[in-house]
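To start, the structure itself, in structure tokens.
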Amino acid sequence: MSMRTLTVRIKRYVPERDRSPRWEEFKVEADPHDRVLDVIQKVKWDQDETIGLRRSCAHGVCGSDAMRINGVNRLACKVLIKSLPSDVLTLEPILGLPVIKDLIVDMKPFFDHYKSVLPYLINDDPPPTTERLQSPEERARFDDTTRCILCACCTAACPPFWGDNKYVGPAAIVNAHRFIFDSRDRGAAERLDILNDTEGVWRCRTVFNCTNACPREIKVTQAIQEVKQALLTGEVDTHSVVNIHQET
Amino acid sequence: MNYHRFDCIIVGAGGAGLMAALEASKLAGTAVVSKLYPTRSHTGAAQGGIAAALANLEDDTWENHAYDTIKGGDFLVDQTAAEVLCREAVECIYDLEHMGLPFDRTPDGRISQRRFGGHTKPNPVYDPAAPAGAEASKPRIPVKRACHSADRTGHMILQTLYQQCIKQGVTFFDEFHMLDLIMVEGECRGIVAIEIATSELHVFHAKSVLLATGGFGRMFKVSSNAFALTGDGPAIAYRHGVPLEDMEFYQFHPTGIYRLGILLSEACRGDGGVMFNGEGERFMEKYAPNLKDLASRDVCSRSIYQEVRAGRGVGGKDYVYLDIRAETINKYKTSPTGEPVDSAWVSKRLPDIIDFARTYLGVDPIHEPMPIQPTAHYAMGGLPTDVHGRVLRDESGAFIPGLYSAGESACVSVHGANRLGTNSLVDLVVFGRRTGREMARFALDRPFQSLPPKPEAFVKSEIESVLARPRVEPWVKIRDEMQRTMMDECGVFRTEETLTKARDVLVDLQKRYRSTGVQDKGNVFNTGLLEVLELGCLLDLAQATVASALARKESRGAHSREDFPARDDSQFFRHTFIFKDGEGPGRIGYKDVDVILRQVDGRMEPKYPLEIRKY
Amino acid sequence: MSVYRRGLVSRLVEGLRYGGGAGQWSWLLHRITGLGILLYLVVHIWDTFLVIFSPASYDAIMGFYGGKIHGVEYPLLRWAFRLGELGLFASVVFHAVNGLRVILFDLSPIRAVGAQKELFWAVVALFFFIMIPVTFIVIHALVAEPTPVAAAIVFPRNFVQAFVH
Amino acid sequence: MAVTARSRRVKPAGGFELAAWYFMRISGLFLVFLALGHLCIMHLIHNVESINYNFVSDRWTNPQTGYIWRLWDLTMVNLAILHGFNGLRQILEEWINRAKSRVVLRTGIWIFAGALLLLGNYAILMFVKDADYLKNRRDASSDAVTVRADVDRGASSRHPAAVPAFDVLK
């Protein structure tokens, strides 16, 4: 495939220069196999070094470069130019978090929410000398939510979070889910208590923007609904019978 | 001026840094300084597994693991350290499991394990009672030793460690970029860091400082490494006169995505994947008749290069195929059990790999083979340390009080000339933990030493000078030239000629680097400025790599000199220590490899005798 | 560190520009219809209260809803009210059907949630299935004289008889 | 193998938000029938233009069916107000999140909702037919009665048997 000339529209906010965000446009040649991240870096390195963005691994596992690409939250390193419907590439910072500079937002509120749901294994029983046993079915039960990379694509796509930044948000609930349904964990009651708050799972309106935005394809809404159900019934099902692979 | 005081300062929040933070903070006041949010660290990109001889699925011993590690490192491995690594790996895996790490499970609920390149055990068919090492001449067979969580093992380790740090209330300084060490009278007393969001300088006064800043794969053009992996720790220590050990050994992973370098885990081959050249030939049969595709990484990478050079790359180009289709695995009977597998099994075992190939190659590995090429992956070399993470002052073995290193930035050396797959994660947890303990113990025993006046002055003037310099040329050009030079002239194969060329180019690049500035003069997230400073680190390390490579006139592990194709144990069975001298690399010293002797028939004999490395 | 925080209006506008899928539109419509119905409910309770407070005012208001002021009919007004009536009907139907979709998500976190796109289209289909005859009836009643043709369509004779006896 | 039990019991949660969540679902389910039914009867089977004091008073005071309609309307009004105002509270709290503003907001919403509840319940429960008004009105103008007659005539001319049904549905 041949090179494409892209018009890159970036919502710029440089605090030393701007009082509020404004659009800036750049023209750039891009290979269809390039990632959006490659294109931004090309603009940054060749045209305007002041463009602010975070990035690290560049292949969708570190979660640094979440941004709004053509209107939706994506990781810039997971969108290829060939997948763009037009030659206009619109880039904005993700919603719901304060903008520090250009595409960089303040992640502190996001991580504070994450930390608030006790995102770690709680089990005060003395551990055995080897591993705690866990069947493949029990392991499969929470597999989906172990994949979260804390990129904030989901939380920043959530309409209730745009309005109410005190809402813990989808990512925090996903990480609570990861432990609530882990058969080794004993902290489910504590976490469920936290999520039963006004700013907990009840803020979720099943909008599904989170599920659509997740670059790891985690079933975020499903996880939230499962937590709601655990709250309603007091039953935490730690065993899954979905088809799983077993080491033989 | 912002001033902070902690007993222990840990720079870098990857696997080693977080593991050390967990240990150190139990005993002493600890803070972690990291230029990324901890969960962005590159430990999270590790895929296939973490080795430990748990023997959950088949017989195995930590001695087997130690033997594989030493042989994998082409015997340039410090054997006591390797034994520490392999013995403590078992305990560390259980520790991680207790912290909540979601390993995949066996049907009876234990940690599942998979095969990995270079992980072997004696073949019981030949000699059931064979002790490790003694059976070198007899072919060994693959063993399931890599504990895993699908192909996201590193992600799970990083997340689990970060979770535990939150639980323990470890103090984090996220997005603080270390720019200098405070070295006084040969001791380390703290660091200077810049708060990226504001460009304010912070002085961290400490009793012990751990550099766990990771690797420096960004000095090569095609690399599996994150943008952040620029070797800040080793480079800054190097500028303070700390030597770098075994810098010539840089591992190229055989299976990187063509042109992008994104890693496709060795687990692909552990689970039965096979590499083919352009003629559809399973070429590893020629180069490693015994282990074939499961030979260690340096061997596979060299084999790919040789195939490409012989014109047998796919379509005459510089790549080959990695094939993980179920029908291929079944055709070559390479599945871990020897039993046939199906596509669903492959999808369950390697979900992320399949996702990467679909996203970045547009290739569906369930139906098609994936184009791959070797990609710069791991630095065996780094800051020389002992098994407690203490950084050595020189080849004599004396320490620098207060300075520690662990993880990829350190060279313990357990990887020798070539790291075994999965051993990087083992290294992180084992030596991260040991170093954390040691640095806290050290800090408890002594008072804070005084800081020099204005410890941040040097950094301040350096930043001011970069900002004040005119932008003579884009610094990106310098970086690209460095990456190309290192890839082409100091890559998988090296000669006197290519290395000399690289050395001269790097001298020129250094000069140009010092004369150009940045466009962005702002204070908020001035990533341009930081990238320039990172480039400076990479240039220094590249020079050290080339100089070390020039000095080692033999081929060993990942260091392949075409003009000296044989291993030369008489001259080079020792570690390289390189020191900085003024602008460039200076004196090179050598330190003997630590060898374990044992008594056999009243005589002292090496426990792991030197042997020709074949797979 | 000075950061840029979006104001309420900006957040709303930016949010509406977000390229969400079916779920976002359902959410938005559910809210808009809910608010609309609530507004009508407040008015409706007030006017119904007149039935006990002042029968005459009540009849005047009802007449007004029928497009009459002091007994004089204003066709435009009448049309406007009947279209408003249709809007109210549509709002209640959508809010009800989509509400059932939301309840399904709660009852079945895995299967219903997994089928959210299909369920959205089911809501759309059910909405039109109800609204097409409703629109017909209301418009018909408006065009023809106010007769209960409606009854003939909605409740066939036999059914009505069965219901009574 | 079963390493541990397949599931764990924890204390089912309580609290206002959960109760509100429950209430929205249950009241919603009721309202689907009550409100849609109400709309069908008033707007499809009857015609809003035929609704007047006479119609309403007949409906609520019918000795056979009056109490059913009052019960229907009573349930509907109470559920609808609570459902609607709780919905409004949720929407506003989603967008207004300063703790102080929220207190003001909640207080305002519940006072307003309470007032409406009073009005609604009072009207339905305390309604007595104003016979004088009806008589005066019949004497003064046969407007409304005409409409009624039209309805009856229209229906009866096409479906004579359906007439009693409309009386029931009134």
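Here the chain labels run A, B, C and D in written order, and each chain numbers its own residues starting at 1.
Criterion: a contact is a pair of C-beta atoms (placed from the backbone, for glycine too) under 8 Å apart; a residue touches a chain by one contact, two chains touch by 3 or more.
Since the structure is predicted, the reported quantities are computational estimates derived from the model, not experimental observations.
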So which chain is farthest from chain D, going by the mean of the CA atoms in each chain? B
Quick one: most central chain, C-alpha centroids? A
If you tally the C-beta contacts, which comes out ahead, B-C or A-D? A-D
Intercentroid distance (Cα basis), chain C paired with chain B, Å: 63
Measure off the straight-line distance from the CA centroid of chain A to the CA centroid of chain D, and report it in whole Å. 43
So, in whole Å, the Cα centroid of chain B is separated from that of chain D by 70
Just the number, please: Cα centre separation of chain A and chain B in whole Å. 28
At least two other chains touched by the same residue of chain C: list those residues. 1, 11, 106
Do you know which chain B residues sit against two or more other chains? 107-109, 197, 524
Out of chain D, which residues touch more than one other chain, so two or more? 1, 3, 95-96
Of chain B, residues touching chain A in the complex: 36-37, 39-42, 44-45, 54, 57, 93-94, 97-100, 102-114, 149-150, 152, 155-156, 159-160, 163-164, 166-167, 174, 197, 226-228, 260, 262, 337, 339, 344-345, 348-349, 352, 355-356, 359-360, 362, 474, 476, 518-520, 522-525, 527-528
Chain A touches which residues of chain D in the complex? 1-13, 15-18, 20-22, 93-97
Within their complex, state which residues of chain B touch chain C. 197-198, 524
Inside the complex, what are the residues of chain C that reach chain A? 1-6, 11, 14-15, 17-24, 26-27, 102, 105-106, 109-110, 113-114, 116
Would you pull the chain C residues touching chain B in the complex into a rising list? 1
